[in-house]
Amino acid sequence: MIIEQVQVISNQQIADATYEMVLKAEMATKMKPGQFVNLKVEGFLLRRPISICQYDQFNHTFTIIYKVVGDGTQKLTTLKVGDFLDCMGPLGSHFPIEAQTTALLVGGGVGVPPLYETAKQLLAVGTQVQVVLGFADAQAAFYIDEFEQLGATVYVATDNGTLGTHGRVTNVIAEQQLTAEYVYACGPEAMLRVLETRFEKGYLSFEARMACGIGACMACVCKDREDTDLYYRICKEGPVFPVGKVGF
Amino acid sequence: MIIEQVQVISNQQIADATYEMVLKAEMATKMKPGQFVNLKVEGFLLRRPISICQYDQFNHTFTIIYKVVGDGTQKLTTLKVGDFLDCMGPLGSHFPIEAQTTALLVGGGVGVPPLYETAKQLLAVGTQVQVVLGFADAQAAFYIDEFEQLGATVYVATDNGTLGTHGRVTNVIAEQQLTAEYVYACGPEAMLRVLETRFEKGYLSFEARMACGIGACMACVCKDREDTDLYYRICKEGPVFPVGKVGF
Amino acid sequence: MDLAIKLPGLDLKNPIMPASGCYGFGREFSELYDLSELGAIMIKAATPTARFGNPLPRVAETPNGMLNAIGLQNPGVDKIMATELPWLAGYDVPIIANVAGSTLEDYVHVAKTISQAPNVTALELNISCPNVKEGGIAFGTCPETAALLTKAVKEVSSVPVYVKLSPNVTDIVAIAKAVEAAGADGLTMINTLLGMRLDLKTGKPVLANQTGGLSGPAIKPVAIRMIHQVYPHVKIPIIGMGGISTAEDVLEFLYAGASAVAVGTMNFVDPYICPNLIAELPATLKKYGLTSLEEAIGRSHRS
Amino acid sequence: MDLAIKLPGLDLKNPIMPASGCYGFGREFSELYDLSELGAIMIKAATPTARFGNPLPRVAETPNGMLNAIGLQNPGVDKIMATELPWLAGYDVPIIANVAGSTLEDYVHVAKTISQAPNVTALELNISCPNVKEGGIAFGTCPETAALLTKAVKEVSSVPVYVKLSPNVTDIVAIAKAVEAAGADGLTMINTLLGMRLDLKTGKPVLANQTGGLSGPAIKPVAIRMIHQVYPHVKIPIIGMGGISTAEDVLEFLYAGASAVAVGTMNFVDPYICPNLIAELPATLKKYGLTSLEEAIGRSHRS
C-alpha cells in the first residue's frame, strides 16, 4: 500500500452519470485485478473506495470508472487533466489469475470495472472468457465494445430492456444456459447470492461502507460462512473472496 | 450588495507572503474606495473579508491585496487565472472623496490596500495627497512605486528599519511633522488610536472578526465614543468611520 | 407542491425560516428579497433592557462550523416593540419572538410584553443560550427548572410558546418531556453546542468570552440524533435546526421528526439561502418520491 | 527538542499516540512504519469474550466528521492476551489497554486480566462508548456510577487507570472530579458525540445501529472546551483527543490542558499521521515560541 499524488491524464463521461478517469501513478506497478484504490476527494473527510478497472505497468497508468451517486463522486467529475489526486492503493485481495478452461465474468453496474483487467489477464493466460454485464438501461451501459475487443464473448442485460436481455444478469445466465468452470463476479449482494447458488467455484467481490480501507477500523466486516467466530474485513481480506467463504 | 462568481485575471506574489489578485466582476461598477468584499474560499465555512484596493468601472475589474496569515488566505494563493471565486460585495461604508486642500493617508500592513483607490480618487479631485505606509520590513513592503506614480508623496516606515524610517507610521508623522486637513487611515487599532490624538478631521477604517459581513450577526460591533447605548457594526456602518466616532 | 403547514400559532406558507440570532430583525435581508416569502422569522433574542453583549472577538471559525459568543446583544424588548416589530408588520410573515433573560422574572416580563405585538404569533423560549453568564443555558440543562420557566411563561403569554432546547445535556428526552408537561406548545432544537478555540500565538481562547456556541454543518448529526430521539416521546411539534445548508438537509430534519426547520449559520455564508431552499424543496421532495410535506415529517420513525 | 513526558504508568517518548478503536492492534500500521516511534498505543477495546459488533453499515460520513457504530468488535480479552499483546511486545512502546463491557463485573474481569500483560502499562476505562446497548455510555453519564466503576477497577488493576470521559453529558467537570476522587490516575477525553444520519432514499438511519459516535475535526471545539473546563478542577493528567489532524491541533490540546494526545479518525484518512505529527511537533512548538512540551501544557490557563 502506497499513498501517492496521482495525476489526471483524462477524465471523461462514458455513460449516464458514469465517468472514466485515467491516472498517472507509480503504484500501477503493484496492482492486481480486482483490487481497489481509496481516493481523497477535496472537501470530504473520508476517502472513496473505487475499483481498479485496468492498469498499465509499463507506462505507470491506471483507469477507474466511477458513477456519480453523491457529492464525492460529483466532485471527482470536476478534476481536470493535470490535476493531482491523493490516492491510497492498491488495496485488498485480487481475482486470482490462473489458466482455466472457461470463466464466466459477471458484473452489475459499478461492479463491471474490476472485471475488465480480470478478463484481459484471464484471456492472456488462455482462458476462454464469457462476460455478462448488467446495467439499469442502455444509457448507463459502458465498456461493452471494450470487452469484445479483448476477445471475450459479451452478454448484456438491462433492467428496462433497452439493451440486451430485459432483466438481470442472472436472467441472461439462465436464458443462455451459461456455464463455466469458474465464476468471477462483482456487483450487488443480491446478485452475488444468486450466483453462489449456481456456481461452486470462483471468486466474488464484495462492497461495504468503509472508513479506513486498510483493515484498522472494522467498519467493513463480514462473517465466515461456517465459523461464526471468524470474520473478514472486506477492505483487507476482501473485497475478493472465493465462492462459499462469506456468510451473507 | 451582490453575490457574484468573479473570475481570476491574475494572482501573483508582490511581497513577503503578500499577493495581488485582479478579478473580473460586474460588481466593480458599484464599488467605492474603502469598501470590502467577502470571499468564499473553498473548504472554509465563513467568508473572508478583504478590502478593495482599486477598481476599474469600465473594464469591470478590481484588485485585492492579501497577506497569507492562515489557511484561507493560503488557499487563495492556489487560485489560477480563469478560476472562479464566490464573492459578496461591495460591502460597508467608504472613504468620502471630496476636494480638500491636503490629505494624509496612513496605512499599516494590510491596511495599505484600501488607501490606493482612495489616493487615486482624492488626487483626481485635486487634493494634495501625502501617504505614510508602514510595513514589518523591506521584504513585506508593497505598492510604494504605485502610490508615487499616482502623484502622491510617499513616506515609508518599517518595524526593523530595513526600509524608510525605523519604527511605526506614527514615528514618521512625528519625525517629518506631517500635517493635513484630513487624515485617511487603515491599520491596527493601536495605530488608529494614536492618529485620533493627532488629527481632528478625517476617516478611519476598522477591522473585526466577522461572520456575515452584512450586519446580521452582531459579531463585529463597536460602541459610539460618547453614547454608550449606541453601537455600530463594522461591516455595515463601517469599516470607515469619521475620526472621533468610535469608542475604543 | 403545497408546502404550507399549520403549527400552534404558526400558519406557515412553507417550513423554512431563519433561526434566531442569525437574521437580526430581517432588515439586512429585506434588501435582498421579499421577507413575505419566508415560512416565518425567528427574530434575535429580546431581553428586558438593551444589552451590548460580549466583548470582541465574538466569532471564530471551526471545521465546517463556527463558534459565537454574541451575548444576546439586542436593543431591549421595548425598543423591539416600538421599532422592529412594527417595521416587520409590513411583511406578510409570522414572527416568532425569541425570549431571553437572566432570571425567571426577565423571561416572564419579556414574554408578557412581546406576545402582545400583533405580528408575534409565537414565542421561542431561549433557555439554552450558552453565551450569557447567568440564566440562559442553566435553565435549559435541568428538567425541573426548564419546566418551571415554561409554566411561568405560558401563564403570561398570549401566544403559543415553543421551548428551545440545549444540546449540552445528558438526557434531552427528559427535558423535552418536562417542558411539554409544563405546557409548551412546541419545541425548537437544537441550540448551539458549547465549544472553544485557542489562539496558538497568545495561548488564550480566540473568543473574548472564552467559550462559544458551535453551529453550522459540523453539528448536524447531533441535531438529527436529538430530534430523532425526542420525536417519539412528545406530542408537540418540533422546529428543527442545526447545520442546515441544503434542501436535502431540510428533508433529513423532516424525516427525523421536525415539522418545520430553521436556518442559522448558513445565512452568513449565503444570505439568499432561505428563499433558495424554499424554491428547491418541492423538487427535492419529489426526487425522493414524496408527494407532500406530511409524508416527509417523521418518516424515519415509520419506515 | 525533547518530546518525552512521564505520566502515570506511561513513559512516553513523545505525546502522540493513536486512539482506541482507530488503530486495531497496530498490525496494519506496522507495515507502514515502526510502531516504536509512537508515544504509546491505545489498543481496541477489550471485552470479556469475543464480540462481532453491530450489523453493517457501521460508518457514515458527516461534514468534517464521521459516525461510527462498530459496537466494540474484538476477539475478547483472552485472545488479545494470547496473540495481540505478545506480538505488540516486539515493539518498544507502552500499551494502553482500552477496557469495556456491559456490566461492572465485565470491566473488573477485563481490567484484572489485561493489566497483567507485561507491556500493558496503563488501562483506559471506556465508560463512554455510545455504541453498545448496555453499559458503555450509561456508566459515563452519571458521576456516581462512573466513580463506582473506577473504584472497582482500581482495586484489581496492577497498572494505573485512565478513565475515558463521554462528552454527552451536562456537566463534564462533575464526572471528572468523581472519577478522580474514586482513584483514577488520569483522564482521557473525549470519546465521540452521539449523532445520527438519515438515508434520504430509505428514510432510515444510515447506520444499522441507528445512532453512532461522531468523531473527527467537527468535534474539536467541543473537545477543547471540555478539556479546558476540566483541567483546573483535577490534579490528574489528561490525554486529549477529538478531531486532531495537524500539529497545530496538538498544540491547541496541550494549551487546553492535555499532557499528551491521541489521534483517532485521521488515521483512516492518512495512516502516516502519527509519525508525521511526531516529526512536525518540534518545529510547531518552536514556531509559537515554545522551548519545551511543558510550556505548552495548560498554557491557556496561565497566559
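In order of appearance the chains are A, B, C and D, and numbering begins at 1 in each one.
Quick note on the criterion: a residue touches a chain if its C-beta (ideal position, glycine included) is under 8 Å from a C-beta of that chain, and two chains touch if they have at least 3 such contacts.
As the structure is a computational prediction, the values presented were derived from the model and not from experiment.
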Practice task
Give the fewest steps needed to get from chain A to chain B, where each step moves from one chain to a chain it touches.
Solution key: 1
Completion exercise
Farthest chain from chain A by C-alpha centroid distance is chain B
Practice task
Using mean C-alpha positions as chain centres, tell me how far chain B is from chain C in Å, no decimals.
Solution key: 36
Handout entry: chain A and chain C: spacing of chain centres that average the CA atoms, whole Å
Key = 46
Problem - Touching two or more other chains - residue numbers and ranges from chain B - result: none
Fill in the blank from the handout: chain C residues touching 2+ other chains are 64-65, 216-217
Practice task
For this assembly, give the contact graph shape among line, ring, star, complete and other.
Solution key: ring
Exercise for the section: Would you please name all pairs of chains that touch? Expected result: A-B, A-D, B-C, C-D
Fill in the blank from the handout: Per the touch rule, the chain D residues reaching chain A in their complex are 21-24, 27-29, 31-32, 44, 50, 52-53, 56-62, 64-66, 68, 70, 73, 216-217, 265, 267-272
Completion exercise
Residue positions on chain D within touch of chain C in the complex are 62-65, 67, 141, 168-171, 193-198, 200-205, 210-211, 214, 216-222, 224-225, 228, 243, 248, 251-252, 255-256, 288, 299-300, 302-303
Completion exercise
Given the complex, residues on chain A that touch chain B span 42-43
Practice task
Please name which positions on chain A make contact with chain D in the complex.
Solution key: 1, 3, 40, 44-47, 88, 208-223, 228-229, 231, 236
